[in-house]
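Heads up, the next two complexes both have subunit A, just with different partners, subunit B and then subunit C.
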Partner chain A sequence: MNVFWRELRANRKSLIWWCVGMVLMIYAGMAKYAAYATSGTSIADLMKQMPASLSAALGFAGLDVMKASGFYGMLYLYLLLMVAIHAALLGANILAKEERDHTSEFLMVKPASRSRIVTAKLAAAFVNVTVLNLVSLGLSFAVVEQYAAGENMTDEILLLMGAMFIVQLVFLFLGSAIAAVGKRPRSAASLATTVMLVTYVVSIVVDINKNLGFLRYLTPFKYFAAAPVLDRMGYEPVFVVLSALIIVASVVVTYLAYDRRDLKL
Partner chain B sequence: MNVIEIHHLTKSYGKARGIVDVSFDVEEGEIFGFIGPNGAGKSTTIRTLLSLIRPTSGSATIFGKDCVKQAPEIAKEIGYLPSEVFYYDKMKVIDLLKYSASFYGKDCTKRIKELAEYMDLDLKRRIDDLSYGNRKKVGIVQGLLHEPKLIILDEPTGGLDPLMQQKFFELLRQENAKGATILLSSHVLDEVQRLCSRVAIIKEGRIIKLEKMSDLTRDNYKKFSVECDAAADARFAVDGVSNLERKGGTVSFLFKGDVDGMVKRLAEVHVRNLWVEEPTLEEIFMHYYTKEE
Partner chain C sequence: MNVFLQELRSQRRSTLIWSLSLAAFGSLYLLLFGAIRNDISAFEDVLKNFPPVAQAALGFVIGTLKTVSGFYAFAFTYIVLCGAIQAANLGVGAIGREIGGSTADFLLTKPRARWSILAQKALAVLVLLVATNVVLLAVTIPVAAAQGPDFDAGLFVLLSATMFFVQVIFASLGLLYGVAAKKVKSVVAVSLPGVFAFYIVGLLGAVVGEDAIRYFTPFKYFDIGYILKNAAYETGFCLVAVAVVVVAVGASFAVFAKKDVQAL
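Let's turn to the complex of A and B:
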């Protein structure tokens, strides 16, 4: 448990800043909605005239952004991007930092198996990711309600934040697997974020070019995009299964690879 | 009883050489020296023993347990001081030491205080405010606070001033007297000579010599220095002689073998002056390192 608490302490400050960032994002985002909503139809027209590629790139394809729920759906993509960066960085760094900062000669000669240390670190990372998700959830309730204009959005918010949590876990464990397998601890975090950003770009490409629809299986950003989730008020089972597979595979790879790893000293 | 047993340990890093077929034992209660220049494979051997890296082939046991499979169990009784000490910069010294102690499941508070006082280490400072020497002191306290049965030190004295080195060696002698076994790797031969009872010499990844310190420095080798004409030098180039060199009017060499034979040889030349000394470890070491080239 000592490693777990140590990791929570070590990540506390960074988590607080991510939460602050989340507060600003949601608050500023929904404040903008207020501006849209009061400006009436002119903005709605403008958005309709926008080419599909642009609306896809900006993240509101298939959403009625004149409704609070639609606008929140658009904002959700940016929240998703933010938490994905957080999760990927955290997952990669929490393992790689011991080698990067040369502290593995301290920690890894202690009477604790590597698996035990990995478990403690992943548990601490899981708590961090959960806290960021709960903060987003709480804040969404608090802020969105103000603009909802009678629209009940409890279920929508819960659905989207649940999806966000799955995506967070996917990137968290992808990050840790990359750190466990990667030869260079210094580049683990940048490699993890690169993978994450590539999947993000793929998700936009899929939006722009409908012929590339099959690519959506490759990008977790598309697994639980706001428009289809809000449309059917649920998740597509195939993507839930796919996410679970990625998470399980990443966790297994993390443990196996880290256990066999020659630590870089 | 052997505390460490290393059997044909090999570690290769792709093309780069690691260690090749390293075998030696460290007995309970001894101070064992592991010497060789930088890059010879000392740290690689130690890191393999500590399971920080995995052997390519061969095996090693510590306390009779397998180094890889039972690493966490073995680690309870090991204190390790790496050659370069790095800790979590933002932690205070005392917090780091308490964190370290928390892994061993026993109360080490008293011991931490004693060691810190002895090594003159301020427990309240932050790690990143410490000089290299002071970080090394943290490493020493950290390595000894759980009173390990086996202490492994990799180039331990770098960064410590001579006074602190003295205190540290005294501390090691005390721990050894209490029953701790010590494996000390170093390229500073003087410190090995002062502390160790046996040594292994490693060169380019292979153990080239394993001997008692007393045998290495006393029984086998003599250092001869002879003041005589240069014309006589060739007479000394016989079996058992190494490091033959002339400086001014004096020729010196290391000799291992029948001393009587050498004395008879000396009788054949005109000797103006003669010294027969115990060689320092440094000289023997140079002998091993130049011999095979």
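Let's turn to the complex of A and C:
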């Protein structure tokens, strides 16, 4: 348990800053909606007739952005990007930092097996990710309600934040797997974020060009995009299974690879 | 010159990957212009039947999207964001990597003044950023020109050049952080949250006022709408940009000259 508490303490400050970032993001985003919504209903009609390619280029494909829930759905993509960065960085760094800072000697001579250390570290990372998610959830309730204008959004917010949690876990464990397998501990974090940013760009490409729709299996950002989730008020089973597979595979790889890792001292 | 060349060499591969990815993304997006142009002209007919208020709200957007440069401007925000991350990586890493990776001991014992080391590092970062932008332009200009006869090359370059300016600002800020921080443990753990923090500040405009917020984030120094309309930059914000770069680089030299660089 010592490693677990130690990791929680070590990540406390950065977690607080990430929470502040999320709070600002949600608050600023919904304030923008207020300015937007007052501009009248004729724009809403106009939006409905806008060609799909055009609304995709403008960034609100398939969402009714005149409703608070639709606008929140547009904002959601940015929230997803932020938590993905947090999760990927956290997952990669929490394992890689010992070797990077030359502290692995001190940790590894302690009477704890490597898998126990990995468990403690992953558990601490899991707690961090959960806290960030809960803060976003709580704030979304508080802020979005103000703008909802009678629209009940509890279910929508719960669904989207649940999806966000799955995406967080995907990137967290992908990050830790990359750190466990990668040869150079100093480049683990940049490798993990590169993977994450590439999948993000793929998701934008999929948005703009519908012919490339098959690519969405490659990018977790598309597994639970706001529009389809809000449309059917649920997740597509394929993507839940796919995420679960990625998470389980990454966790297994993390344990196996770190267990026999040739630590750079 | 050794430090300069060494920095170029060590960042060569990553810069190449960054430039090609940015160029590929920009080109892919530009290739979609043909399809969207037809949709837009159809939509313009629909727009005519709506009240003037609605036309005013969306008219500018539609008018902008009709030209290649205007269409490109929508994706360009993302390209600038990526470019800013690359620049912040280079800036933070330049000195931060040496101190964080405990190679500063070896570098600083060489018979070179600290200012010379920092100047060479900064120059290398500048060269790498120029190279990135040259690759981006060399790839995207032909692609954009192929999209139609109404291609305005001057405006396109003017727009694309804003990435370079934003990059220089982030590289300078990164350089200052790398020099001033006690120890940079992980470069991306600094550059990514840093760049996104400025990006979020840009989005706060709706809360604190769009005009006031522009001074606080480099992403807003070069307003795309203004550039498309006037084919020029805003003089005031150019001065702000220059001031930020000068202060950040100057402060980096001042701090690094007296910095207590701890040995392993």
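Here is the rule we use: the second predicted complex is superposed on the first by the 246 of 265 C-alpha atoms of A that agree within 3 Å, B and C clash if a C-alpha of one lies under 4 Å from a C-alpha of the other, contacts with A are read in each partner's own complex, and residues count from 1 in each chain.
Methods note: a contact is a pair of C-beta atoms (placed from the backbone, for glycine too) under 8 Å apart; a residue touches a chain by one contact, two chains touch by 3 or more.
Since we're looking at a predicted model, the values are computed, not measured.
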item	value
Contacts of A:N209 with subunit B and subunit C, given as first, second, both or neither	second
More subunit A residues in contact [subunit B versus subunit C]	C
Which of subunit B and subunit C A:A10 touches, first, second, both or neither	first
Partner chain(s) touched by A:F106 [first = subunit B, second = subunit C, both, neither]	first
Residues on subunit A lying within both footprints (that of subunit B and that of subunit C)	101
Interface residues, subunit C side, partner subunit A - complex	21, 25, 28-29, 32, 35-36, 39-40, 42-43, 46-47, 50-51, 53-54, 57-58, 61, 65, 71, 74-75, 78, 82, 85, 89, 101, 185-189, 192-193, 196-197, 200, 203-207
Residues on subunit B engaged by subunit A in the complex (per definition of touch)	43, 47, 50-54, 71-73, 75-76, 78, 80, 82, 84, 86-89, 99-100, 102-104, 142
Complex contacts: residues of subunit A adjacent to subunit B	2, 6, 10, 101-106, 108-113, 116, 260, 262-263, 265
Residues on subunit A engaged by subunit C in the complex (per definition of touch)	17-18, 21, 24-25, 27-29, 31-32, 34-35, 39-40, 42-43, 45-46, 49-51, 53-54, 57-58, 78, 82, 85, 89, 93, 97, 100-101, 186, 189-190, 193, 197-198, 201, 204-205, 208-209
